[in-house]
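I'd like to ask you about the structure that follows.
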């Protein structure tokens, strides 16, 4: 669960964005006294993620809303399942509805797609990773949803991992000077990962002391060769244009990790509705 | 163009999210003195959107970065086209790269998909609308990208339009009391739009004085009948599970507007790379 | 009631503004252990508005403060009436007092004046509207208070309504091109209101398809003529230098709405005191 | 001049409040390419205050706006005077107009009223003071405008002065224990001001070592007596229901300072218009 | 106690700074279900300060954490004493631990050193003051800790006291014009303190009407002479390079106040550990 | 250099904290028109750090301030050296002075002490590390200053490194389960560091696959034995009560890294003054 101190500002921003000067429809049509119940219902199969953010969105708007049930994150959901049931002032529920669903549908969409990738490589050695290609401002939620879907988080941001890419190597004048310079300037707590494009670069990265090798946009054949060459000395990550169509083939080359940008940069929202009923 | 005062906080938040305690790779591998040029290159066909946010992201990190060219938003781009060219300190460019691309790829992805929908209904009367199903905190960018793609913005948030949905009607005890109550409480500057599910509700909405009728999840046949019934007295919007596969058929029923949630809730990022070269 | 998520940041800012480094008087003079009761008392007749903001100000500073009674917003108050009674740590009550009163006195002042305008046009067709001439940062409270006083809210901000004024028309090269251009670029959810200065402009606005006509700074005679000319086809708003002295005369011209900038730009604070007694 | 670091967040908040999702009218009606000039014109006599905030509002929205002239704060303005002239993109000018005017009209309104009070006591010994009864969040601007009008600022907030009021005295069990306790707990940099209601309390405050005596809601006769009794040993402040009608009489009792809550809690906005012309 | 509305943003910022994208260790090693108890233990003698901030840090992260005991601020602590005992989810406790300790150790460090200074001047007339030389952003906590240690707070910031220093005097063209100009522009609620460097300047300050005299970097002999010259007419403050080694000698010159920058600019953290045990 | 987007909010907060409602002394004593020059002068030997933050503090308050020279961070400074020279409006310089110095003195203090530790271990294999024991909210500056002093940054926060401490091990039921569980849940980009207290735990950590071993509070003899046992297979860090008195002895045990909490939790501010002269 993401700590409230981290997630509350995100919910607050989203509610302010949607409510702003006020919910004119609810204010105009309801008296404010109506009470009732709402059910979040899955309209497709999915992996649930973000139910806590969903819940807190209603509670941040109105602390008197009550949840009589809610399923837990990570659960595989069938179309028609009730994900959560809440009750309270209808004005509050209707005002918070879209914001709460926007979070839940995005997060569950990410978790669902991640699960598909994880299942696609089941039985191989490979683990599915995310990237930094997230919606601006929502990275903590996007990466949480990946974990819920069964993926692992690659580095969170620029501050928590050394990943020397093509451009860094060019700027530094080669793989070896890049790695050597980094080694002098970082602590032992950080690994040095190096992105390579071909077998020659794999050799150079290994001999220069890379802690992890990332194979970028290589063919499955080249990946297999690289895995053999590396021989288990350091972890190997595959990256670049990974899809559900090719992820299994990539996994079977023997790489340890496969990073998938689409998990978070091209999200398909999970289909979820909120159905409200008025209390008799 | 979105005013700087609105867009800067979003860029600032995104840069803080990605940089946080510092870009350890760039700090470790570069000396900080390297200068060079970077080109944003389209790796697929697309409609460009967000070039100004892209540009400001680099400038907010380092005001000395210079753009020698950039295409304008709305332009149809071919794979391989150069979208922008910038130069300056490589450390700055590499640190801002991912954040700038995350904005540009999401926004161009939205504009591109919107353009497809707009083209799909070309020659009909119908206009494509967005919804409030946007990424939390990014609505102003998401909706801007829809406009760039040729769509129109439906209400921005809860504060700028009265849209009486199913649940509001239930809570109010019917279409007529809902509309009447709203009419008393809002100014003349706002229209009252009512969501209906069948022909009977269309009739009730009309006789109760709705300013706009939204046909929710109806079949094309029912939509056609509704359009005939309404007869141009008020604008008609179609909504619910609209896809590129069915949008033309919907448009041909004669509705005035078609709102498409997927434009912003299920974005496919446009494929764009940044290629850096070191200054000789 | 304004959602807590919207109103809390305003109260927080105001408390921080007044407390800053600490309430030196209360810290210096009280031990912190004193408990007691406080009563908010009306020192003049008024319409109460903002009691919830008043209450939350104390609670945000000290969640242990208790309210034994408080009157509801919209109530007509007589001089000497007790508006609210609270008890708890005196240090908290004294520290929050001025901030809480600043909100309550401004909001009740707005509601009171609004009620006077509403009463002045009683029996006519006209409704009283506010404007965007509010205290910077406090618009959501100012406009809420207008509603409590019996007024309607005109558009909240630049984002929720199209109001084509003199300057827009000049820039666009005439009423007709201005309206036509707007019609192409906005959705059906927004009305187009046009500000006019004389009968000729009324005609032009009507023939160009304006949804609402605003008569700006016209004489009562000209307004009457405009109302006759428009003949109920679209709503008519009167605007410009409206005072309690002339609002009735304007209403009797038959306009539908009268907008009054002074409701929020020239507020007279309602006179309210907080009387504290120490618990025996 | 208020430092930019203090005033920018206020302007930013106000612009965000008014622009939010975008200025739909300007976006719909203008192409964005129109350029022109705008003049801020006084529609009544006034003391100008806030011209720098006015200027920065436009510049924060669009750094390319240019001011060809602007009068300085504190200047006495005649109806019809041009206060400032600016030019640039009309879209920017029209979008910032209302926010800029809301600041300028409030601040000039405060300065104008303050000047009237200052002139009313001209020739006496008394100086006009403000209070903490300001619009929540705008105190720094409200108090600046009082200074521009010729008034002095009383304590800014709870943190910068000890003012022992009635309630503090009750809580502490009397004037003497209140002052003694405060003396022990505060540094020599702060004065202790004590609010009194009658001559007996004046005596007690003096003998207990008050540094300043505030006469609260006394009659002019009682004030005169208090001034004689105090005999110049400490400064004397008059407070409570001061109006333009009675301020001279109060000043003539010989008090040193007169604090006027209405300067900031009941502001009458100065009447200022922005007139735009399109560049040929 | 510092109001929650003031201290919460500081704790929130600190937690966000330390947690950011998440506590990877706790997430990776714990299941999240572990519960237990933690004790904060003093590893050296100290004066306790900040226990409320410490407590709120845990509660802001997890409202379900419970404190079974905690000592009060100001208490003299012996090495080995238990300062607080809390229980709850171990994941929460471990995640908040460092942030909570960083506050408590800094604040107790300040209080402890302050107490030493206060004890060093015991029996003399002199009181210990702090300065504005605090950690940026933490002044309210730093100054609170000084009070807990037995010191007095000098002015909090630039807004709450007039302190005319060397540079102001130079800019104004002398002590007398500086004081006279200030007297005209400030209210009676503020004292004018003047920094002087030698006996001649003491005389000039007195004759110009200074309310407080600050002796800056004088020898004890010169201070004694200054104290005699001033003769109790105004308070006297000593300042500049005060250490535990010379503070007694300075106090014995008869000055009223001694300000010590090192109290807050050179803090030695109090040594405190958190010991966790798992619930059986 | 720390990016402006990260450091500006810190400076802004600090300036707001110190200026708040305004610099009453400067406003009261200066006319605002005075111009002059200021020099930052070292009053002791030091390593300079934070000159860019110092410079930006003045510029954020007044963009017209000009720096004619400033030394670079990392430079060894002798008492009496001029660190920077700036000129402009004296009012701006005096208002920003304390805030700018508070940053510079803290950061240079950290860099100076770090340099001493680095020099103390010169010639050994050991590198000096910092910890997370930083001033709340200032970590990015504290850790930057450590780097300038020649130290390395240990993990920045809870998000960028796995450090399994005593309490985690207890909660997980032993070193082996703790490491195994972590290995399953984190990506290959993060190392697992384990804190141990004795030789047995060193053996267990090694056999469980720890990537780094931290020796906590061991005697030098035990550390030497641990280093021999580990034999270069993984990096070794020493931690706990490291002082300038014992750091050399610890380094000579052969450990790779020594982390020193006091670098940032017990800072001694570098002694720096700002001397202002008025322009003739």
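Letters A, B, C, D, E and F name the chains as they come in the text, with residue numbers starting at 1 for each one.
Simple rule for what comes next: a contact is a pair of C-beta atoms (placed from the backbone, for glycine too) under 8 Å apart; a residue touches a chain by one contact, two chains touch by 3 or more.
Note that the structure is a prediction, hence the values are computed from the model and not measured.
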Superposition rotation for chain A onto chain E, Cα-based, multiple of 5°: 120
Per Cα centroids, the chain farthest from chain E: B
Listed pair (A-B, E-F or A-E) duplicating the B-D contact set, over half by residue number: A-E
Longest centre-to-centre distance from chain A, chain (CA-based): D
Separation of chain D from chain E, taking each centre as the mean of its C-alpha atoms, in whole Å: 33
Gap in Å, rounded to a whole number, between the CA centres of chain D and chain C: 21
Centroid spacing, where centroids are CA-atom means, of chain A and chain C in whole angstrom: 43
Residues of chain D engaged with two or more neighbouring chains: 19-22, 95, 139, 156-157, 159-161, 163, 185-186, 190
Of chain B, residues touching chain C in the complex: 127, 129, 152-156, 159-161, 163, 185-191, 193, 212, 235, 237, 256-257
Interfacial residue positions of chain C with respect to chain D in the complex: 10-11, 13-14, 17-30, 34, 36, 90, 94-95, 98-99, 101-103, 105-106, 109, 132-139, 157-165, 167-168, 170-172, 178, 181-182, 185-186, 190, 261-262, 265-269, 276-278
Sites on chain C touched by chain A in the complex: 1-6, 139-140, 143-144, 156-157, 160
Contact footprint of chain C on chain A as seen in their complex: 12, 15-16, 19-22, 32, 60-63, 92, 95
